[in-house]
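You will see subunit A twice below: alongside subunit B first, and alongside subunit C after that.
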Partner chain A sequence: MPEQAPGVRIDGLTVVYKTAAGELPAVRDISLTLEPGTITGIVGESGSGKSTLALSLLNAVQPPGRIAAGSVEIDGLGDVVGLRGEELRKARGRHVGYVFQAAQNSLNPLKTVGKQLLDLGRSHGVEDLRGLVREAKELLGRMGLDGARVLDSHQHELSGGMRQRVGIMLALVLNAHLVVLDEPTTALDMITQANILKIVREVHAERGLTTLVITHDIGVVAEVADRLAVMYGGRLVEQGPTREVLGAPSHPYTRGLIKAIPRLVGDIDEAQALPGRPPTLTSVPDQGCVFRDRCPLRMDVCDTVDPAAVPLGSRIVACHAVNVKEHA
Partner chain B sequence: MTPIAKRLAGHLARGFVMILVVATISFFIINNIPGDPMAARFEELIEQGASPEAAAQSVKVLYGFQPDGSMWQQYLDYMAGLFRLDLGQSVTRPGTPVLDVLLEKAKWTVLPVLIGTLVSFLVGIILGVYAAIKRTGKLGDALAISGSLLHGIPQYVLAMLLVVIFATLIPILPADGPVDILFEPGFNAGYIGSLAEHAVLPVVTYALSAYGGWILAMKSSVVTVLGDDFILAAELRGMKRSIVFRYIARNAILPLFTILALSLGLLMGGAVFIEKIFNYPGLGLLLIDSVNERDYATMGGAFLLITGAIIIANIVADLFYTVIDPRVRSGEESA
Partner chain C sequence: MITGQGIVKTFKQRGNILGSREVRALRGVDFAIPKGGAASFIGESGCGKTTLGRIIAGLESYDEGELVIGDTAMSELKHKQRQPHFRKIQLIHQDPYSALNPTRTIHQTLHAPLSLRAKQTGRSKKWIEERAAEVLSLVGLDAGTVLARYPHQLSGGMRQRVVIARALTVDPEMLVADEAVSMIDVSLRLGILALLKDLRERLGVSVLFITHDVATARYIGGDGELYVIYRGQVVERGPVDTVIADPVHPYTQSLLSAIPVLHGLEQPGEQPVVPLEPLDQLLDDTGCLFTGRCPFRGERCAGERPLLQVTEGVPQEHACFYPERRSVIARPLSEV
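Take a look at the complex of A and B:
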């Protein structure tokens, strides 16, 4: 069991889904490093492949999808793409905690949270079940809940925000040091959202975690993430330190996203929506840049050559136009 | 009052009203059916040379109410009888209360159908889970096909097939009634053994014909649950397969209990063809015979019995849910 935050190196990861039209990539050739002890945020629209990427970290891409290429190296675990059966099962929960979207029902509706906690403990051979319950109560208390009451409750007796905290508790209670949060605040009200993000930040710092947050909400990333990665059409188009990327976006897609956010002050019309719509699994072009149809900087080369992810100062950007400008 | 007691009281009250409604409807249908059995009997007696008074008296004894009273009066008599558990007297068995006839016949229906239904339920749901989990493989296909096939074969065809195979071609099992008449009825090994031996084919028939429905229903229920988020969540938390399996099974089986309760209620109606083929003197045969013989008192009684059984089965199913489904339970507490 790693007692400190593990690093994660995703290299050349491609995940394909089997469809009537053959195997189509939902995630294509993604390389991303999660530094130990950092919070990384992945933003992207629905269908950009961010949840598929998150599931890949647990080698849990659901059929008809499969990891077609690449590796996911996690310190203390090795390449999870190669893990199978019991080895894989034990890594899940123990090494990597996964927190589901708040609106999703991630608990068995027929059992109390406490009983499911015990099931979790037994699944991972925890001998001191009392200690596990104590730990769970402490975590819940830490997040502002009455631990004893929550453990005695069924899912339907808990609010969305409470369920989300239960999800975080279950992801951490086995002392996992890598935590993946998939849309942690979606479908929660603003106050609860802020609370959950505060908890994520605090727990991350206290327990020394490596955290990956998946969201479609740039605000969430701005709030918690040290580093930010932007996904579009199954590709990582830009990544770098959050402040830099948000302050001076390089990729035309990132720029478009930020321009589309309405400001609290000023004219509402200053916010400009990105023209066009994001590609789906079947409409992603199989060659050239995935963003070219909506791109204001489109060049001829974009139609034929997929832009490589190139380091650009402290960030990595995949765009022909940006590279040309930089190297001109 | 505890929530469950409150719920039970409400159900009993509703069930009581429903039984009264069914009794009323069946009373008026039977009394308005073409070929009034009482008038027919009355005329029969007159033809046999009885005086109108004697004939009327005889008919009254036979049916338990006044045939020439007003319909309203007859109805009140009938309902008053119900409260004393008096369903009138059987027409074809003069002097025998309908209730006694029903109870005597019920034992030949209830036990075989009950055992057959429970066995098929257990086997069907267990195999249904496998059929769902292995649905893309050969085993899943084979199970689903076996279910559709058995579900599609009419019960009486299945019964005759079993008789031909196991009683005629390979005569290892009897199909000639509920028990060997050589044995003295009572709690002795010979009698019980003979009962069991005779019950094998009918029970297997009931079980096989119900099995298809269970496996198909369970399969689709499991497939639905497999798509639920909490199953993926449990897997991503590294839960043991056996635990995830229990999560799936328990959630998937919930909706099937309603069907089980209903089919247990329906079993009171018996299976006419099966009882005919195996010569079981049960409720199904009784119902058919009473229709053929215009024994309307027995018919009405049988209808009431079936209705009552279904209403009770529903109440049991509902209370059962409050025990096994925490969502129903707490819904009741907050109500």
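Take a look at the complex of A and C:
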């Protein structure tokens, strides 16, 4: 078991879904490195492929989807794309903790949290179940909950914020050091969201984790992540240190997204909507840039050639217009 | 003008043998929304803002107080007589997926209310078709491509536009938008908000915006009033920008402190307020409703309930014994 934060290297990952129109890529040729001990945030709209990418970390893409190409190397585990059966099952939970989108719906409504915890322990062959319960109580206490009471509760007795914390506890209790949080604060109130994000940051630091946060909300990433990766139409269009990307976004999509957020001070009319709408699995163009229909910087080359992800200083950007400008 | 005076709503939950439990959703709320104006209700889920929106739209009864639409007090009317008044107020739900009948085309969806109106006012079938195309163009949709489709063939943003178009078929005086953009993709949200703003400006429709996102409230109703609601009570009320820039109630300050800071673009406020974790036993009903979570509670707070009031030196109304300005919101780096 790794006692340190593992690094993750995703290389050329492509995930396709089988549809009536043939196999369509939900995630296309994505390369992303999670440095050990960092929090990376992936931002994207619905259909951008962000959840599919996160599931690939567990090699848990369900049919009709499959990983068609690429690799996901996790320190201490190797390439998870090659893992099968028992090996894969054991890796999940032990090495990679996953907090599912809407943790409120991922708990069993018929069992108390404690019983589900014991199930988790047994299925992973934990011998010291008492120790597991102790660890769970400690984690819950750390997150500001009364551990004993929560373990005795059914999910309907817990509030949204409490369930989300239970989800985080279940992801960490087997001592995983790589944690994926899929939309950790969607459907939570502002104050609860702020609480959860604070907990994510603190637990990340205290336990020495590598964390991946998937969200549609740039604000969430801005609060917690060291690095930010922006997905659009199955492609990673920009990645870099969060503050830099937010302060001076390079890709026209990132720029548009940030501009579309109404703020609390300043001229409210500066907020501008992005024209058009995001592509779906079936409407993603099969050649050229995925963003060109909504892009203010569109050039002829964008129609035919998919821009490669090119390093630009501390960032990686996939845009013809940005690259032309940089090299001019 | 739509006003509410002292609106109280209590839900009775069916209990066990020991008796039933009462949930006080609204504890005497006053509000006023001028014709063509805007108002925003903000607060956490369960604070009563949605119940208030439903009461205003005529979908929920109230136990005490009075709702006045135009010059008419609703409690004096019989159910049937109220209907034409409530028709002027249309509710836009959070979820455009469940707000449209999946077995009906957009044409059928718009046709139903329009044909009723045509019948009432003696208009022709041609008028129905024209009006359907007109309301669709008002919300930025092309009648030719949308009318024949079913809801599942449209994107979330387009569906919400259809819902708004349907609301416009009855020439409403007010739209009640309850978290109307929270299920819409981020890049499309501002488009829907801009549409609501545009309808206000062009048609003079007033908008009541119910949300937990203060910044969007500012976008739509920047010139209107902001009502901060906590556990069924308005705790702060005033012009949107005043309340956002200079909040005095600790609850408003907690809400504003919780908004994520865009590091790299913004600098966090200097005095963020983090509310205490609520413990069930502290959520009793005597005294200030926020006492249990308030980091600044004083002697008077536990025994006495502060009411919405105006005090010297504070431009907005507030319900706090110890109002104090705190710098809680993030400011753009360019201004610092």
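Here are some notes:
The definition used in the following text is that the second predicted complex is superposed on the first by the 325 of 328 C-alpha atoms of A that agree within 3 Å, B and C clash if a C-alpha of one lies under 4 Å from a C-alpha of the other, contacts with A are read in each partner's own complex, and residues count from 1 in each chain.
Going forward, a contact is a pair of C-beta atoms (placed from the backbone, for glycine too) under 8 Å apart; a residue touches a chain by one contact, two chains touch by 3 or more.
Here the structure is a predicted model, which is why all the values come from computation and not from measurement.
Note on subunit A: of its two partners subunit C and subunit B, the one contacting more of its residues is C. When both complexes are overlaid on chain A, the residue A:Met143 reaches neither subunit B nor subunit C.
In the superposed model, A:Glu157 lies in contact with subunit B only, and not with subunit C. Of the two partner chains, neither subunit B nor subunit C is touched by A:Val230.
Of the two partner chains, subunit B is the only one that A:Leu120 touches; subunit C does not reach it.
By the touch criterion stated above, subunit B contacts subunit A in their complex at residues 228-230, 232-241, 243, 247, 250-251, 254, 324-327, 330. Interface residues of subunit C, counted against subunit A in their complex, comprise 44-45, 155-158, 185-191, 193-194, 212-216, 218-219, 222, 244-245, 254-266, 274-275, 277, 329-333, 335. By the touch criterion given at the top, residues 58, 60, 62, 89-94, 98, 100, 104-112, 119-120, 122-124, 154, 156-157, 167, 170-171 of subunit A touch subunit B in their complex. By the touch rule above, subunit A contacts subunit C in their complex via residues 45-46, 144, 189-194, 197, 216-220, 222-223, 242-247, 256-258, 260-266, 268, 271-274, 277-278, 280.
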